[in-house]
Amino acid sequence: MGDLASLRDLVYRAHRSLAESGLVVGTFGNVSGVDREAGLFVIKPSGVPYESLRAEDLVAVSLATGEVSGSDLRPSSDTPTHLELYRAFPCGGIVHTHSEHATTLAQARLPVRCMGTTHADYFRGDVPATRCLTREEVEGEYERNTGLVIVETFRKAGLSPEEVPAVLVANHGPFAWGDDPFAAVENARMLEYVAGIELEMRLLDPDGPRPDGFLVERHYRRKHGRGAYYGQRRR
Amino acid sequence: MGDLASLRDLVYRAHRSLAESGLVVGTFGNVSGVDREAGLFVIKPSGVPYESLRAEDLVAVSLATGEVSGSDLRPSSDTPTHLELYRAFPCGGIVHTHSEHATTLAQARLPVRCMGTTHADYFRGDVPATRCLTREEVEGEYERNTGLVIVETFRKAGLSPEEVPAVLVANHGPFAWGDDPFAAVENARMLEYVAGIELEMRLLDPDGPRPDGFLVERHYRRKHGRGAYYGQRRR
Amino acid sequence: MGDLASLRDLVYRAHRSLAESGLVVGTFGNVSGVDREAGLFVIKPSGVPYESLRAEDLVAVSLATGEVSGSDLRPSSDTPTHLELYRAFPCGGIVHTHSEHATTLAQARLPVRCMGTTHADYFRGDVPATRCLTREEVEGEYERNTGLVIVETFRKAGLSPEEVPAVLVANHGPFAWGDDPFAAVENARMLEYVAGIELEMRLLDPDGPRPDGFLVERHYRRKHGRGAYYGQRRR
Amino acid sequence: MGDLASLRDLVYRAHRSLAESGLVVGTFGNVSGVDREAGLFVIKPSGVPYESLRAEDLVAVSLATGEVSGSDLRPSSDTPTHLELYRAFPCGGIVHTHSEHATTLAQARLPVRCMGTTHADYFRGDVPATRCLTREEVEGEYERNTGLVIVETFRKAGLSPEEVPAVLVANHGPFAWGDDPFAAVENARMLEYVAGIELEMRLLDPDGPRPDGFLVERHYRRKHGRGAYYGQRRR
């Protein structure tokens, strides 16, 4: 990934991709990317519109301390959430949106169930919804606690953040992650896509049958892990 | 805001932004902006398509008398509604649309409930629906009475028009406002966005749980008032 | 309207507008425009994609005989429907689409109910659905009988085609008309818009209250007939 | 169709058309086209994004053996499905997507019912959903078995793949085909369009009446087979 300038450029281009995806309205949403060797990640400055964002505006934050370094701009208010996710999950990029269908399901505190191969190509099993935060968690270090409750959700359910690279935060909205910021944006897009299908499924047939486990496992395994045969060998 | 020409230019650009937002079809919708020192506001001329609108076509209207000054064009037929809102609410710009999901809820006479943080980032609590107008109100000064029933809705419910900068007029559609015409357009866009999510919520789980009050209050307070920490300090 | 070339140009541009509206997919849909003095109308050739349509391809058809004149191209297969509508209704342009929400309601044999001011600004009361055609009507002169059943629907319900410039043909889709081809396209767009809102209303609250008659009448009268005060005086 | 280069060019352009149609997200979906005289078909390479796809990347596959010839790239992982369809059905092009509404119905294991003339213009009767694959079928030659279960679905129901050029694979998504790759893309687009209307119908009125058989037969016959009178004679 190289130095800070190239990380900023990468995260800047991932923001462009996010803005073009239609997943974000107004100043909602943010992307970050991490350089674990350098011990920092860079993230969107708070409240800056996508159309006026520049690569040099991206704010660098220390993984060790959570402190901003070398920037006069405030980082996204969701920065402590990203920090806790980088500390707990082995990912390279994180995206937060309020994309429509995923937000509806987050408000209804429902998971995005794995109901077919479209979902299984990207997420191995249901994308979970977190529990609600307590009053103490909200009135205390709210954004940090949002990260901690995501990590708790995965730990308690025995989920792998590499196999299920997204979550719905109750009454809030989705976070997604991936090997790098672009993979995180792609996972956020696919999450919204399967959330839309899940919403249609729930309206059409709330008790509709789950797909067989061997089918969704086959699809996940086509694309992920050893034995994957989707894509070109250089991947 | 300066003189009339610059106000016209601002409101013209806000109309361009509204047209690009996809919130309006045909000649529906209008934006106005006020210069309280000069005692006037400017508003879209009636029935003019967005694509042929020019800044100089915007019609200036007196806040004191409601009279047009210096224009041969008729102002929007909704002008008396804007006038009553400027008289009662401390806003700088107003937008009226028939945006799809907000109009559906207005027709169903249902509020846009605050069901999550997306809503709470822009609106402190439910966006109310007005009562229906009486026959006398409709057959009399209809557009003025539309403004008055909006004001009544806020007064009776003890709502602050600064904290809840939008309303659904029963069987009609939404009005939104803000510190300036662009903020009003942004609030109109966010209203339509959360109305879409609210509609999905109501179809998915009509009796779904409300978010905790401390969560939505935290989100509103992150962005608004003293102690806000969203965005950059210069805001 | 002048001579045939200018009518073809007008109807050509109305087809461009229809294609840009998103109301049509594939080769579905068609527009026609009439020159009553010349005793003819021009209409889309059958099965020609919108992107390759040229003004000179539009086919002229006699109002008296329904015969094509001066063209090697076949007119739209829906031509006899347009012919019967021009004979019965005092309109200048007709549009047929299979636009999504209007088609859903046509398949459900449900009218687009007048549930608010958005509808009332364009249509004075419900947009009706026709009865189903009989086997004899379908297996005989099907397209002509489609026109006749539309006319029958208006006659039996005492509806004015000028006040309600659209219809849903059962299990088929919408037709709309207007003073000229562009007005017909605008009415087709507004029909799809209010059909979308009507569909949301029916899913949200199938027995939701109708708006007061005096409200929708006020809105219709703001824009149509003597006493209209919407738009500029030159309209 | 000529030589391999021109087939690659045709299939390349059909991929462009598919990407522009909005039916595919990410790297989902693929198109193939066959040259039966040459005994091969060409198909998308696996996992290549649409925006970086080049005509020369398309992979040629033998109809006799299923082997790749003259390419270092892996063909789409769905290649064995295409192969079985080319062997059983007399089509010239095949498209696979995970388009939203068709995928929802595939997950619900419901057919796209023929509920109106929009459907009947393209598909003579319901577009069927396959049965679920067995564990043995999924864990064995999964993609080949997907093709075989599609063929079985048509054989058992006595359906003609020329009259019903599409299918929903249970818990997976749609396949469509046609006389050539562009016709297959058009059928995939129309399938998604009528699947959207079908989904609205099922939500609005799950037990709504079917259209009369003579109506949908008339529409299908207007466009297809001897006696068709839709389109120009040169078709």
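A few comments on the model shown:
Going by the order they are written in, the chains are A, B, C and D; count residues from 1 in each one.
FYI, contacts are C-beta pairs under 8 Å (C-beta built on N, C-alpha and C of every residue); 3 or more make two chains touch, one makes a residue touch a chain.
On a predicted model such as this, the values are computed, not experimentally measured, just so you know.
Hopping across touching chains, the smallest step count from chain A to chain C is 2. When chain centres are defined as mean Cα coordinates, C lies farthest from chain A.
When chain A is laid over chain B using CA atoms, the rotation angle comes to 90 degrees (nearest 5).
Copies chain A and chain D of the same chain sequence form an interface built mainly from non-equivalent positions, shared numbers / all numbers used being under half. For the pair chain B and chain C, the distance between mean C-alpha positions equals 33 Å. Once the centre of each chain is set as its mean CA position, chain B and chain D turn out to be 46 Å apart. Shown for chain D are the residues in touch with two or more other chains, namely 203. Touching pairs of chains, sorted by label, consist of A-B, A-D, B-C, C-D.
Contacts from chain D toward chain C in the complex involve residues 115-118, 121, 186, 189-190, 193, 196-197, 200-201, 203-205, 208-209, 211-212, 214-215, 218, 222, 229-233, 235. Per the touch definition, chain B reaches chain C in the complex via residues 25-28, 45-48, 73-74, 77, 98, 100-101, 103-110, 132-133, 135, 138-139, 142, 171-173, 199, 202-203.
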